[in-house]
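Both of the next two complexes hold chain A, though its partner changes from chain B to chain C.
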Partner chain A sequence: MQASRARLFKEYKEVQREKSADPDIQLVCDDSNIFKWTALIKGPSETPFEGGVFQLAFAVPEQYPLQPPQVRFLTKIFHPNVHFKTGEICLDILKNAWSPAWTLQSVCRAIIALMAHPEPDSPLNCDSGNLLRSGDIRGYQSMAKMYTRLAAMPKKG
Partner chain B sequence: MQNKEESGASSEFDDWANFGDDDIMQQQSDIRAEEAHKVPFVADKEPLSALASEYQSGSPILLEKIKILGEQYAAIRRTRGDGNCFFRSFMFSYLEHILESQDKAEVDRIKAKVEECRKTLQSLGYADFTFEDFFALFLEQLESVLQEHESSISHDELIIRSRDQSVSDYVVMFFRFVTSGEIRKRSEFFEPFILGLTNATVEQFCKSSVEPMGEESDHVHITALSDALGVPIRVVYLDRSSCDSGGASINHHDFIPASGDVPNATSVSTETETISPFITLLYRPGHYDILYPK
Partner chain C sequence: MESNDNSKIGSSSSSTEDPNPCPICLAPVVQVSYLDKCFHKFCYNCIVRWTKVVASKQSSLLSSVKCPLCKTENFSIIHGWDGSNFQRHYISQVFGDNFFFSKVHRYRLQCYYTEPGIVSDIFNVLRYWKSRKYLQSNQWLQSWLRREIQALMQEEDVEVVVHHILGVVDSFLKRNDQHRQRETPETKQEEFKALITDAARPFLMARTERFVNEMQLFLASGLNIEAYDAVYMQRLGWNTPQVSHESAEMESSVQTPVVPYLHIFDEDSDEID
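Presenting the complex of A and B:
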């Protein structure tokens, strides 16, 4: 508990120091609870998520950094490795490939990389995965783009 | 878990539909917790006969080999089979050696090596805050086994700490960082060995098979750790294989650090025969325990 708090405090200071280093990620710690974080990440360019801003919720366990943070999309997203209803993310580093060498910031980078490079063979969203697996890239992209517009962009007017 | 079992068949089916990765991880940690009751991270020392009784109704080759093992070794200390057994065995064996030998020169030597490892990680681009807590905890243990401080600890306390997850897992993780740093620093040397194990790149191998807790160790990990810290390690192999001549024999392999400055090396002789490792591990396919010579 004490160790995780100390580590998170270091990450907090690092995030403050490096605020401008990665303009695609805005990581914010909850005012009253260092184990709760949110992040706003920009959809990577040349993907159907371009132009969208996606919100992630981090719940950090007491065993952190020996155990990974739990991360979910709060913003609706159509992606093979993200559960459409719960926002749960299927990413190896959040499961068995986790190590303390990762940080909340680098997890955000890994999630952005996953958005650009979906893994349709281990889908949490089967509809999305099936479109990609059947080679219907256009179908996947238009669905993903539609949800980006609906959920991840500011409403016009 | 209990609730799921008790609920009716139809709702159980619903549960499976909602059985997410988090549930699987929860289940895995439940299984680990169950295992934890059977063997602590580091168990008590047992006479070698305990090993023989384990195979009483098993392979005669193994029983023969255990008998031969008994000529040289007196005792075994088991470690938990949680994928960290090599690092955990190394941790306990090394700290126990320092506690018993009070070899201050060796402590100074390894501290210098630890500083080199720190620089290696920094030059590889690891942020200090990701590994420094693990380094600090190992150095703290090292200081406390030397009997010259107020914080010095007894052998019993060493065992208690080795069984305390908040100490034990942090030291294991320290070794994982050191091992990963060494492999990546000398990636050209390690690449062919890694290609022999998996078709991953050196970096992928370190990210997926060295740094995560619970990933089992192979000769690549042992070589890298031994080299990085300059500590020789003897691994005694116990398996069903028998040699052509018919008689059983026990093989061992000494991992001798690549660099010249190994502990207790009185001369700069290149003869590896003269170096006798103070850490001896028993390898049975998939698992490492600690062995004590007579």
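Presenting the complex of A and C:
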């Protein structure tokens, strides 16, 4: 408990200090609870998520960093490795490939990389995975782009 | 990283930050430890805790741990470097509750840094050979060997070495019975020493001679481990109660009954009572 608090405080200081270090990630800690964080990440360019801003919710366990944080998308996203309803993310480093050397910041980077490089063979969103697996890249991209526009972009007008 | 320099100007606290913190707690490294292959640096407690987490997720015995930074498989944690010595903590031992290298092991290892012969006036090795006491098997020898070799090799699993040496002792006794009735005790002793030295040297190297002497002293004492330690430490002037208490625990953990054997002290050791 103490160890996780101390470590999260270090990460908090680091985030404050390097706010402009990564313009694609904005990580904020809940004012009243250092175990709850929110991140805004920019959809990577040259993907159907380009131009969108996606919100992530972090729930950090007390055993952190020995246990990984729980992360999910709050913003709706059409991606094979993200559950369409719950926002749950299928990413090895958030499960058995977790290393305590990861930080919340680097987890955000890994999620951005996952957005650019989906793994259709371990899908949480079967529709999305099936499109990619059947080679229908255009179908996948247009669906993903539509949901990016619907959910991750400021409403026009 | 590029913005580091800029931010340092603005923030006074950042200048006191460790530039090379422990990757697990992100704080300055406490009790510096290294993984043996990739030599990445961690706090001792941090890397041990992480190894225990990894071990708890595996059904089989863990023999290596991936470095949290570079994923290299590592087999031990190097720690406690004091300029001349270090300790090595094998991954296969980490998840056991107690690290095997206890205070008693430390005491035995320290004995090898003292002058030899500190108890040789108490335990008469030559008389042991003259009176043919070596023909009686010593029920504590195996436990004593295990602990001694663990202490010297700083490894937990030394069963192979222990059995090797016990085997040499056994075959010495057998051959002794059949063919060497007329040899003098001194010849027998020399022969025994040579055999044990040959058997132990590949593992104990420079400490072999002293080990063979210590082994003979233990055999000549006729004592169990606890009593032998008490005599030894009294002679060294070291604090006995604490360690002898631990040695009792240690003996029970290797399932050797702790027999109150003090009444069989032979006359040579009366003076220490």
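Everything below uses one rule, namely that the second predicted complex is superposed on the first by the 157 of 157 C-alpha atoms of A that agree within 3 Å, B and C clash if a C-alpha of one lies under 4 Å from a C-alpha of the other, contacts with A are read in each partner's own complex, and residues count from 1 in each chain.
In the analysis below, contacts are C-beta pairs under 8 Å (C-beta built on N, C-alpha and C of every residue); 3 or more make two chains touch, one makes a residue touch a chain.
Every value quoted in this text rests on a predicted model; they were computed, and no experiment measured them.
Touch criterion not met for A:28: it reaches neither chain B nor chain C. Contacts of A:95 after superposition on the shared chain: chain B is touched, whereas chain C is not. Of the two partner chains placed by superposition, only chain B is touched by A:83; chain C is not. In the overlay built on the shared chain, the residue A:7 is in contact with chain B and with chain C. In the superposition on chain A, contact is made by A:70 with chain B only, not with chain C.
Contacts of A:126 after superposition on the shared chain: neither chain B nor chain C is touched. Of the two partner chains, chain C is the only one touched by A:17; chain B is not. Overlaid on A, the two complexes show chain B and chain C touching the same residues of chain A, namely 3, 6-7, 10-11, 14, 65-66, 96, 99-101, 103. Interface of chain C with chain A (complex): residues 1-4, 7, 11, 13-14, 21, 23-27, 46, 49-50, 53, 57, 66, 68-69, 71. Residues 3, 6-7, 10-11, 13-14, 17-18, 20-21, 63, 65-67, 96, 99-101, 103 of chain A touch chain C in their complex. Against chain A, in their complex, chain B makes its touches with residues 20-22, 25, 126-127, 129-131, 133-134, 166, 169-170, 173, 176-177, 180, 207-208, 211-214.
Chain A meets chain B in the complex at residues 3, 6-7, 10-11, 14, 65-66, 70, 83, 86, 88, 90, 92, 95-103.
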